[in-house]
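You will see two complexes here that share chain A, one where it goes with chain B and one where it goes with chain C.
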Partner chain A sequence: MADVTLTIDGQSVTVPQGTTILQAAKMRLGMELPHYCYHPGLSIAGNCRICLVEVEKMPKLVTGCSTQCGEGMVVHTQSARAKEGRGGVLEIMLTNHPLDCPICDQAGECKLQDYYMTVGMHDNHVVFPKVHKKKIVPLPPHIVLDQERCILCSRCVRFCQEITKTNELTIAMRGTHSEIEAAGDGTIDNGYAGNLHEICPVGALTSTDFRFQARVWWLKSHKSVCPGCSTGCNTWVDDRRGEVKRLRARENASVNQWWLCDEGRYGYKSINAPDRLKTARVKKTDATSGTAIGEVWARLKTIAAKKGGFAGIASAQASNEDLFVFRRLVAHMGGVADFRIDDSLTKTQTRVDEILRRADKNPNTTGAKLLGFGDGPGVEAILKSAAEGKISALYVLDADRFDAAGWTDKLRAVRTKIEFVVMHATRECGALDLADVVLPAATYAEKDGTFTNYEGRVQRFWRAIRPIGDARADGAWLATICAEFDAADAALAKPAAAFNAVASETPALGDLRWEMIPAEGALIAPGAAPKDKVG
Partner chain B sequence: MDHQTAHKLEPEGDAPRRPVRELTAGEAVYLVEAFKGLGVTFRHFIKNLFNRRELPTVSYPEEKRDYGERFRGRHVLNLREDGTTKCVACMMCATICPARCIEIVAEESPTPAIEKRPKSFVIDGLRCVMCGFCVDACPCDAIYMTGEYDFAEYAREDFLWDLTHLTRRPSLADAPRGYRPRIE
Partner chain C sequence: MAGPLVLLRDLKPQVDDPRTRDLDWYVGQGGYKTAETVLKTKTPDDVIAEVKASGIRGRGGAGFPTGMKWSFVPKGDGPKYLLCNADEGEPGTFKDRLLLTQHPHQLIEGMIIAGFAFGARQGYVYIRGEFVIEAEIVRRAIAEAYAKNWLGKNLWGTGVDFDLHVYRGAGAYICGEETSLIESIEGKRGYPRLKPPFPAVYGAWGKPTVVNNVETLSAVPWILAKGGAQYAKIGTAKSAGTRLFSVSGHVNRPGVYEIPLGTPFTTILNDVCGGVSGGRKLKALITGGSSVPILTAAETEGLIFDFESPASKGTMLGSGGVIVMAEGTCMVRALMVLMRFYAHESCGQCTPCRDGTPWLANLTKMIETGQASMNEIELLMSVSKKMAGNTICPLADAAVMPAQSYATKFRDEFIAHLDGKGCPFPAWTFGEGH
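On to the complex of A and B.
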């Protein structure tokens, strides 16, 4: 497509034909024009009109979001006329806005507040009373609607039309009485409802989950990756005083664009769960980390000396780094390991819907496979050889999943045949009773690492909060244990060192290194991923 | 004053010193001077005994001193006509508080028109610096500072002023409203 050249605020800009003024200003000049209804992931509506700009030789101000750039156009975004126009639009929007900022959850990240400071700052000219509408309209299960606060930008309506294609919302009534209304029984349970309160530029749609939990200026945001399924959506983890309060979608055009599914968004609760494991346990009694590690050392060394059987069971919830150190331990013990405690491997390429969700509920199935965990005998076979008395030590890296996948009873049946069992767990679960030593594990929000998603994209996640109690990353526990066999392994407690060791040993990762993982993740062996199917 | 400045203010080794006066014979005896001192004490005792109006001290707690209207004493949370607290848990006071002594937990109010209310509101009286910023920051006319200044308690926990204390402590009945920001 041909390029057009125009002038924005005195600067010459060349963009592809069809680009709008708002996009051109952002793409080429990094300049953000005010906008409510415009969202890069949705169709252009042009109905909020706050993005007014002045274009020479055009009789009226035009909306920057919907006006395409033309050859030789001269655009002024900061002229007195443009600013006056935007100020006027804002004043109309505030005509019926209730200004309940002290109550509203959006205060602090509200575009009405932001633009009032940049283009508003006007005295109120309105003398007649505000139009009152319904304040608390629940749209279960995740959303609360406040019709008064709504500025009718229609982002939510378009989201339900274009992204989820479920059409739950519409704008009803006319003129100053226009309001957002839900069709049918008033529920918005389309699996992506959480995005609605995230894209709402004002506080009209708020989250039942986050409602009144914290003021947003108290939250600290950390980049992360959702561990909910093999898509690996990019997220922001927002915490206050070490407690995760909410997750938000982090834009990544190659993975999740601007969206996040509800399952992932509200899945953070396991991090703050009251039954989180805080201390290590030796023979069902709480112990210090040192005692527990000492017990593991002593027993594993005896078993290694006897050349007895060692079996490791990991899960695809573990990061590449943790799995790598686990593989190190298995190698030292001369044993076998597998990660298929659920049917993740068979489901990797199955989508749940056309948007984001996948059937494989683990973030790192591809990573575990790449690290060779899929070549093991399988959990079934490991437990079978345990029944035959061939396993002296069993190491379960993710007892939570092990228990959830229903292996606990099968292990209980053969438990007496196994000399020594170690388990890592983040939360209390039934399987822990069967372990000699239990080590508390950190969740993904409490450690650094990488996941490799379904298409082979290696993505970094960052530590957001301090691990609870004595919990440590799986890799850190394992590196300490491995260091007893080979002192050099102690360095692998650091995820960066572990990842670089993985990369140097795994041809698929090429010359990728920890520091070089790009913001959108690194796609390894592109095209290797089989075709998707919707299941 | 940091360490270095303090060091500079020390006199140099050979700086001139104030000459020490030799004691007179009377001073050297000591007892004479001691009785002279007692004489001063006695003079003030007699003066105060017969001029009680001019005493610079007050007999607290029987007698209390009046402070100006702008005095910033212990906080109070305002109530609506129906007896519920005016606070909507917007956390402005907790945000502005330089001593970080205000802890609020918000919850859904049963009245939809109010929407939000504090589930708990605790001011740590031992941390509070009585700056009055919370009163300035409050957009809902909810927090005030009274003229109350007698804070003595027997236990540290009693200085954690909670919702009940802030809205319904017995002394509030006749406590004067104190500091409130002037809105021009």
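On to the complex of A and C.
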């Protein structure tokens, strides 16, 4: 499409035809016009009117969100008229707002507060009683609506119309009595409801989960990737003093755009779960990390010397880096390994819906396959070998998933035939009783790493909080053990080193390096991503 | 009042005569002959050219040239819609109602011709919810026309189809705004749309659509029967034709009058309406529905009822709703009533209107009841300035124009209400529910 050139605040910018003034200012000048109703992922409503700008030769101020750039247009966003227009809109908007910021969860990240400081700063002229509406309207399971705080920008209504297409919300009544209302019994359980409190620019829609949990200015935000399925949605992990309080969508146009599913958004609870494993165990007894790892070294070395069967069982929850170090250990032990502990792995590409969710509930199936873990004998075969007395040492990298996938009883049946069993786990589970040594593992929020999503996009996630207790990243435990076989492996405890080692050994990753992984992730070479089995 | 009648069809007294709404009466007047002739002998472009030549401008309020509006509709096949705006809701305006009840067939004939002109095969008469009897009358007239096959398929054997339906509103002033009328017809909440795109390109159900006022469409049969040039001879060079004025307020003979444009206001006030009632002096005048800026008695000096003269005085003919206010009328109270109306009717879509109109209503109430100081008069001006022009549709402006003009032109009267003094005029009760 043709380009148009216009002037915004004296600067000449060229944008594709059809671009709005608001988008052009952001794209070309990095300037964010105030806006409430505008959201890049939703249709343009043009109703809040806070993005008013002055365009020469136009008789009225126009909304930047809905007015398309024209050739030769001269736009003033900071002229006295434009500022006065925006200030006027904000002042009128606040006449019926309850101004209950001290008890509002949105305080600190509220666009009403932000724009008051930038375009408002007016005195209060409201001397008549405000219009009162309902303060607590539950929209279960995830949302609570405060109709008084609502500025009727209609983002939530449009989200339910356009993204989930479930149409739970509408605007009822008229004029100043207008209010957001939910259909039927008021339930909003469309799988994506959490986005509603996130896109609400004010404190009208708050999260049942996060309500009154923390003032947002105490939170620290860390870039991360959701481990809930093979889509790999980008997230912000927000913590307060090491406790994760909430997840938020992190924009990535190539993956999740601006959204998160509820399953992923509220899945963070496992990070600070009360049954997190804080210390290592040797023979069901708490032990120091040194004692535990010493036990692992000693037993594995003996078994390696006897050349007696080693099997590793990984999972697609592990990062590329952790899996790489695990592969080193398997190699040192001369054993076999597999990762296919759950059936959803065959559905890495399969969509659950048209928005984000995929059937494979693991973030790194593609990565595990690329690292060769799909070429093993299979978990069933490993346990069969064990039953035949051919396995001396079994190393379960992710006891949580191993147990959840129903393998615990099958292992118990053959347990006496295996000399030594090691397990990594983040939480208590039934499988742990079968282990000689249990090592507490860090969750994804407690370590650095990469996942490779369904389409082969390698995405970085960052350590958000300190690992709980003695927990360490799988790769860190493994590197210490591997170092007993090859001292150089100690360096693999650092994910950067592990990733670069993976990349140099994996042609599909080309010459990608840890430091070079772009913000939107790096797609591996076309055709290199392992495909799902048909059917 | 002498002069040619376009809309009211030379029958007197007609307002009280229910026969004029019958098909037989209308046919006796030569009704539907024009539509038949047009469909049989003219091309759509001929019709548009004729309407352009007539110089008629939209009678709903904005005064946009009708022929031009039709010519904006893209050519080509595919659904197009003709919507008749019968949501007459502007305070002080009651002229479309007369056309609906007395001359429904004239409207239907006009719609057949208009639909033919730009290729619409479907028409809707969007009638405001409060017009219960009017809707029934139009429905009956439509049924009569269908029985003659003057609506439906293959009209007069020409192969032209035109279906017409009545769609009743649900009682919102905003649905008289053409894009919210379209939303409403689509079954949605009456919210005005962002423009562009304009209805001529993207209207009802996303298809090219023309929305015309009842009075505009009702004039079409006459224009096509007698010729656009003939119509243009009525009125003035720039303001062609006649208009229906609904005159109310302090006059001796309120009512709906068809008057050629270009008629002096004094003629209408004194000759047509019998002068200000009770022998009082004129105080103020609303020329075109409650939304237009008010004129003081002094400003009505030399006022001509055409498009240009009111414009030169900063107001407009709007919907043709003329409200006469005599000495003794409290302008604050008049404004208060209006502001309450606009606050009640704001659809609530845009911030400045949603919360600005109630603010104006609150301020005028405070002033009227003596609870205000100068601050409130200043706020009335500043708040309305913050609303003006900053919304999707003109409803905010419709509230702002009276607010600013009343408070400016009758400033002394506003000040006389301040600081506990309250209203100096005799008390007036609004009745139940206010």
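Heads up, the rule we're going with is that the second predicted complex is superposed on the first by the 525 of 535 C-alpha atoms of A that agree within 3 Å, B and C clash if a C-alpha of one lies under 4 Å from a C-alpha of the other, contacts with A are read in each partner's own complex, and residues count from 1 in each chain.
Everything that follows uses one rule, which is that a contact is a pair of C-beta atoms (placed from the backbone, for glycine too) under 8 Å apart; a residue touches a chain by one contact, two chains touch by 3 or more.
Note that this is a predicted model, so its numbers are computed, not measured.
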Which of chain B and chain C A:Thr176 touches, first, second, both or neither: second
Contacts of A:Gly10 with chain B and chain C, given as first, second, both or neither: neither
Touched partner set for A:Gly184, first chain B, second chain C, both or neither: neither
Touched partner set for A:Ile151, first chain B, second chain C, both or neither: second
Which partner, chain B or chain C, touches more chain A residues: C
Chain B versus chain C as contact partner of A:Gly88, first or second or both or neither: second
Touched partner set for A:Gly30, first chain B, second chain C, both or neither: neither
Footprint of chain C on chain A - complex, ascending: 44-50, 52, 59-61, 66, 84-85, 87-89, 91-93, 95-96, 125-128, 131, 151-152, 170-171, 173-178
Complex contacts: residues of chain A adjacent to chain B: 100-103, 107, 135-136, 211-213, 215, 217-218
Footprint of chain A on chain C - complex, ascending: 172, 189, 194, 343-352, 354-359, 362, 366, 375, 379, 383, 385-387, 389-392
Chain A partner contacts - residues on chain B that touch it in the complex: 88-92, 95, 106-108, 112-113, 115-116, 139-140
